[in-house]
Amino acid sequence: MSGPLFLQSLILGVLLGGLYALLAAGLTLYFGIMRVVMIAHSAFLILAAYLAWWFNRETGLDPMLSLVVTVPVFFLAGFAMQRLLVSRLKPLTLTMMSVLLTFAIALIIEGALGFIFTGTQRRIQLPYAGDSLDVFGAQVPVVKLVAFVLAAFALLSLYLLLKYTRFGRALRATIQHPEAARLVGIDTDRTAGYGFGLGLATAAIGGTALSLDATIYPSLHWHWIGPLMAIIVVGGLGSIPGAAIAAMLLGISQSLLQIPLGATWAQTVFYVALFATLMFRPQGFFGGRLAQRF
Amino acid sequence: MRNDSERTASAGRTASADLGPALTETVVVAPDAPRRRRRWSRAVSLALLVVGAALVLSFPFIAPNPYILSAGVVILNYAVLSTGWNFMGGFTGYISLGHAAYFGLGAYGTGLIVKYLELPGFVAWVLAALVVVAISVPVGIAALRVRGASFVIVSIAFVLILLLVFQSWREFTGGSEGLIVPRPFPDLLRPEHHRAFFYLFAGLLAAALVAWWVIDRSKFGTALKSIREDEDKARSLGVPTTRYKLIAYVLSALVTGLGGGLYALWFGDLDPIFQFSILIGSYMVLMALLGGVRHLFGPLLGALIVGIALEYFKLEFGDTQFHLVAAGLLLGVVVLFMPDGVIPAVGQLIDRFRPQQTSIRDVSAAELLEQNRRSDASATGAADAREASGEASTRDASDVSDASDPKEVTR
Amino acid sequence: MNLETVELTKSFGGVTAVDHATVRFVDGKVNGLIGPNGSGKTTFFNCVTGMIKPDSGSVAYRGKDITKHASDRVARAGIGRSFQLCRVFPRMTVMENLLVAVRHPSVRTLLRSADDEHERERARHWLRRVGIDHLEHAEARNLSYGQQKLLELAGVLMGDPDTIMLDEPAGGVNPALIGRIATLVRELNEEGKTFIIVEHNMEMVMSLCDHVVVFDRGRPIAEGEPSMIQQDPRVLEAYLGV
Amino acid sequence: MHVTHSRRRRAMALVALAATAGLALSACSAGDDGGSGGGGDDDPIVIGVSLPLTGDFSEPGKGVERGYEAWAEIVNEQGGLLGRQVELKILDDQSNADRVVSDYESLIAQDGVDLVFGPFSTRLVVPSARVAQEYGMLFVEPAGAAAEVFEQGFENLFYAAPAVADDHYNYLADYLLSLPEGERPKTAAVAAMDDPFAQGTAYGLRDKLEEGGVEILVDEVYPPNTTDFSVIAAKIAESNADVVIGGSQYQDGVNLIIALQQLDYQPKVAAFSTAPTNPEFAAAIGNQTEGILSPTGWSPTASFPSNVEFVEKYTEIFGNPPAEDEANAYTTGQVVAAAVEAVGCAEQGECQQQLIDWLHENTVDTVVGPLSWDEAGRPSGAHLIQQWVGGEIKIVLPEDAKEADFIYPKPAW
């Protein structure tokens, strides 16, 4: 592999890893709060991408402006989903049944997207779609850079929110010890609902970032859920920094492996990492100790 | 069998009578009710079994045209797959969303053996089943190291890996172009071909059902079911859970793989995207859950309902993705409102119309909890959990001991 | 010696739940294991029975090392246990709950019907002993908490263990039932079963146990006959937190 | 609303299936309903088609659908076939092989259609042709151009276009290799979808260039559902090959071109199958189309009599001119119509074999010119080469058919 090609792939890998990191953060957040594996996360991602595309097609404005609407709407949808659906499940079978429930939601979203927008592949046509910046001889596509910055910004905001706000503290308390959180007066049910909303809000941002430079179609979410699942297990279920680190590493590995192996084989890196994690370190590599049990 | 009067007498007894005056719990339980119901349902199921078998066997003759017959074959195939899934999902409660992996492996295995070894179709089918078993053992060992959601993730990952491999390994599998499997009966006309395979699938289904039934009533089955109920508890009672789970997993893979192989011989055109789709795997789960995973005929019933519904939606709304919405809604309803499936739901409905039950167990159990509530923190926790779940199982959630607990009570 | 541990250690994150615990339990006796909340008793139980892997140290049962054995092997070696918040199979009948625990069948008998009259008779025997034989066909989830405790005990006995470890048998049940359980323990002990009991109910411990081990901060601080333990200053200190 | 009607009838039959499964007898009545289609002279001729209206091939699938619809409308306007109106029953196979088989099965066995037309994409043609073969139906198809289609031993199959996939680029290969030593491209990069048609076209050109001494630097294959082309593009850009060959359908071609543009890769020749002829292509890649090449079996400006009529009527019906997919579908209709008119029948049974025999022995005039087939159904012509010139796609090769001069090397995109 030559130097410039390596640099090129590395840059593409970092840009991809940023998006993975944001999306995996949302996925691992639900898990931390509720022990819920949210299969529908990537379906919401595609939904957000469709909304961005549709917004762009209808108004001609930059698709990122659609965030003004989609983020709050997704937040509310997540809150409602947790309060109205997930919390109905019996605690004893919550983990399994929530997988199936969110799977059902994913199917409904996919079907509805196909119903409304048809199965045709869509892509936003941006004036700067083909532009790129030259960085040490490597080309950095402007749209990918914009998507990365958006994702990184969202991830940073999420981190600051969890770390420094009162709500963030309540959420972390809920994740770590629900009983204790309740004893100190935190409304854990409501907090869990907000956490779910926050997770879906990341899907809204991720979807919009994705829509800038990707072709979307209703069943695309299956391509995302596998890698994202692998990332959160490798990172340690429930650990947001773990998810972010694993996302970056795996994103870069995928990008670099594509050169010798080709696009399809390179995707297996996620699953190899997943199985290796489960065999050797089921609690994940970067924190979290729940993997084996859930 | 004891006679009725004796049972009625025991029905009237209270717990306190047995435990002496010291115990004041007043739980009235009617032990004869389940028994009567069991006998009643046994007669009904026998009748249904005969009628059902007769219907299945005569279907190729009453099917109005080959298309309907082929739809019948598809539904039988679904029934085989979801019954196969139920060897794992039903007995042990491990929900695999990636069982399409074994469907695909069975199908591709058969096709590839025919292609490269030039063996007759049905020999290839049997060999492919052995290959499936050989693959499922190491995969099972790896996957069964984890429980709950992680197991689901692994199962999904497994089918996604296979999709990637079968798409990418073009020299061997034919890649996205797919694989053509020659017909085992080249001389048969298409309708006759459907008919032959209808009976083959029916035979496979019957074999799978018999196997499930044998396990269900065996010691092995009891042990598997105890894993579903509480794996750690089962282990603590000496059940070799790891080995048993693996056996169930391999059996499940075998039946699913056999279904896939037969599908390959029948259908002839394999495509990785279809053979290794999460959707097929999710249909297996949906069918089994809908019918009822604890029941022999649950998956079959589910396959019948879902199979017909899927065909209906595809025909009625064929140019849309509406069938996905329908499948999703159905799955959501099943999960939220009848996680035990149609069969128990119908059973409860029938119970409602039958004469007064003697049991007031549920109420008294709750009252009892109220009485027994003590200042002891752990006991209170237990009561909460029971009330929240509506189920009487409790978990040790205090101390640091939670690390040993697979299914923490999550509130 | 019946069961002994040497330097058994287990920690979770920063918390050391069991800290180099070296303990011996006496064969054929009713052994008590007491200690304040959070002193590591349940974790100790879990390490001994193979539910969790200890970080270091060893466990031996009747001279054989069972440290690395998974919990099912420990059970088959003859150690039965109950759980702190009792665990039964909620959606199986009382009878089925017991049939799970039969000494495990060989491959040949694995597919035989679980509906084995001999095993059933044994199960009925134990149900009668604990006093819930009239509930044979009830689903376990419909039982009261006390009845479930009795069912769990019957399930453990069904496996015919030589040593029975009970984690708070008196927890969450009414005084009458505590008396019944105590009587049963004494009867079974007379029939040759060894018991190891974790219990907070001092009255029960003092009246029932022949030998008591006191845990504090993950290790034994005292052991001996109940009457001696009651006067041991270290025990008082641990309990009163002086 | 014929489509809706057919759906309802099939749905009825399914209810019958449910009834058979659940109750017992009632299915028999549905049998009469489905068994045979229109027998009488006044009944319309019903033609069954399954197309990928959703899924990976939905874009070209819809083009084919429009072509079939235009054909039916034009035929009916002129009095139909054999004096009977034609009626299409179009089902969606969602780009799935399992659906396409059950679609044709239901069309033939359940609905009893009189004729069938082929679906889109080679991947779907093979399984569906087998169904048709086993029911003894004539199977003319607009899209199964790959070599393997003709190696399955089908006797009922005819490809309604001038050339099989491998020969699509013949004129381009000849032209490039005939360039003087200094100008001739020396290196090439290939990326093809894992699809027999797309690969067939790309590899036809690749192999001919390689034989002519051009070095192949990159040779990539991607699955049909690929959407991220950045690394494939990086490899191609890294090689800096003179020629880039894309074995594409539609969206993958667009994505690959954008990814190449992002990396500022500037080839001398850029040839992509199918995608550049799509009406939305120019907008999709930001109008930087100048010099992009594509083979086509059909040209809107070709002077065959039926072609002039087709373009005119199609534009009238749909408000915009047809593209290649539409033309191929229309050609399919013309081929079947010619056989039906010549043999004088259109129904299941004996008639189908007569139609098949007739087509094996005769030449049919179509919008792509006269077509004739060998015993396996291969047509014996060549494709034209088109290029984007001044914002429009024009025929540049062969010399005698050209509408504009070949631009070489290709301007920057």
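Lettered A, B, C and D in written order, each chain numbered from 1.
Convention: a residue touches a chain if its C-beta (ideal position, glycine included) is under 8 Å from a C-beta of that chain, and two chains touch if they have at least 3 such contacts.
Note that the coordinates shown come from a computational prediction; the quantities given were computed from them, not determined experimentally.
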Exercise. Go through the assembly and pull out the chains touching subunit B as well as subunit D.
Key: A
Exercise. Determine which two chains are connected by the greatest number of contacting C-beta pairs.
Key: B-C
Quiz item: Among the chains, which one keeps its Cα centre farthest from the Cα centre of subunit C?
Solution: D
Exercise. Could you please state the distance in Å, as a whole number, between where the Cα atoms of subunit C are centred and where those of subunit D are centred?
Key: 73
Self-check item: Where subunit B and subunit C are represented by their mean Cα positions, the distance between them in whole Å
Solution: 34
Quiz item: Roughly how many whole angstrom separate the Cα centroids of subunit A and subunit C?
Solution: 45
Quiz prompt | Centre-of-Cα separation between subunit B and subunit A, whole angstrom | solution = 31
Quiz prompt | Contacts with two or more other chains, residues of subunit B listed in rising order | solution = 167-168, 320-321, 391, 393, 403
Quiz prompt | Touching two or more other chains - residue numbers and ranges from subunit D | solution = 53-54, 221, 223, 225
Quiz prompt | For subunit A, residues that touch 2 or more chains besides their own | solution = 114, 118-119, 262, 264, 289
Practice problem: Report the residues of subunit D in contact with subunit A in the complex, numbered from low to high. | Solution: 53-55, 58-59, 62, 94-95, 220-223, 225-228, 230-232, 234-235, 237-238, 250-251, 254-255, 258-259, 261-264, 283-286, 288, 413
Quiz item: Given the complex with subunit B, which residues does subunit D contribute to the contact?
Solution: 7, 10-11, 13-18, 20-22, 24-25, 27-28, 30-35, 53-54, 91-92, 96-99, 101-102, 105-106, 108-110, 122-123, 126-127, 130-131, 134-135, 148, 152, 193-196, 221, 223-225
Quiz item: Contact residues on subunit B for subunit C in the complex?
Solution: 10, 13, 15, 18-20, 22-25, 27, 29, 31-32, 34-35, 214-215, 217-223, 225-226, 229-230, 232-242, 359, 361-362, 364-365, 368-369, 371-372, 374, 376, 378-379, 381-383, 386, 391-401, 403-404
Practice problem: Over in the complex, which subunit A residues touch subunit B? Could you list them? | Solution: 31, 34-37, 85, 88-101, 103-115, 118-119, 178-179, 188, 218, 222, 225-226, 229-230, 233, 237, 262, 264-265, 267-268, 270-271, 274-275, 278-279, 282, 289, 291-294
Quiz item: Taking the complex as given, what residues does subunit B use to touch subunit A?
Solution: 93, 95, 97, 142, 145-150, 152-154, 156-158, 160-161, 164-165, 167-168, 278, 282, 285, 289, 320-332, 335-336, 339, 385, 388-391, 393, 403, 405-411
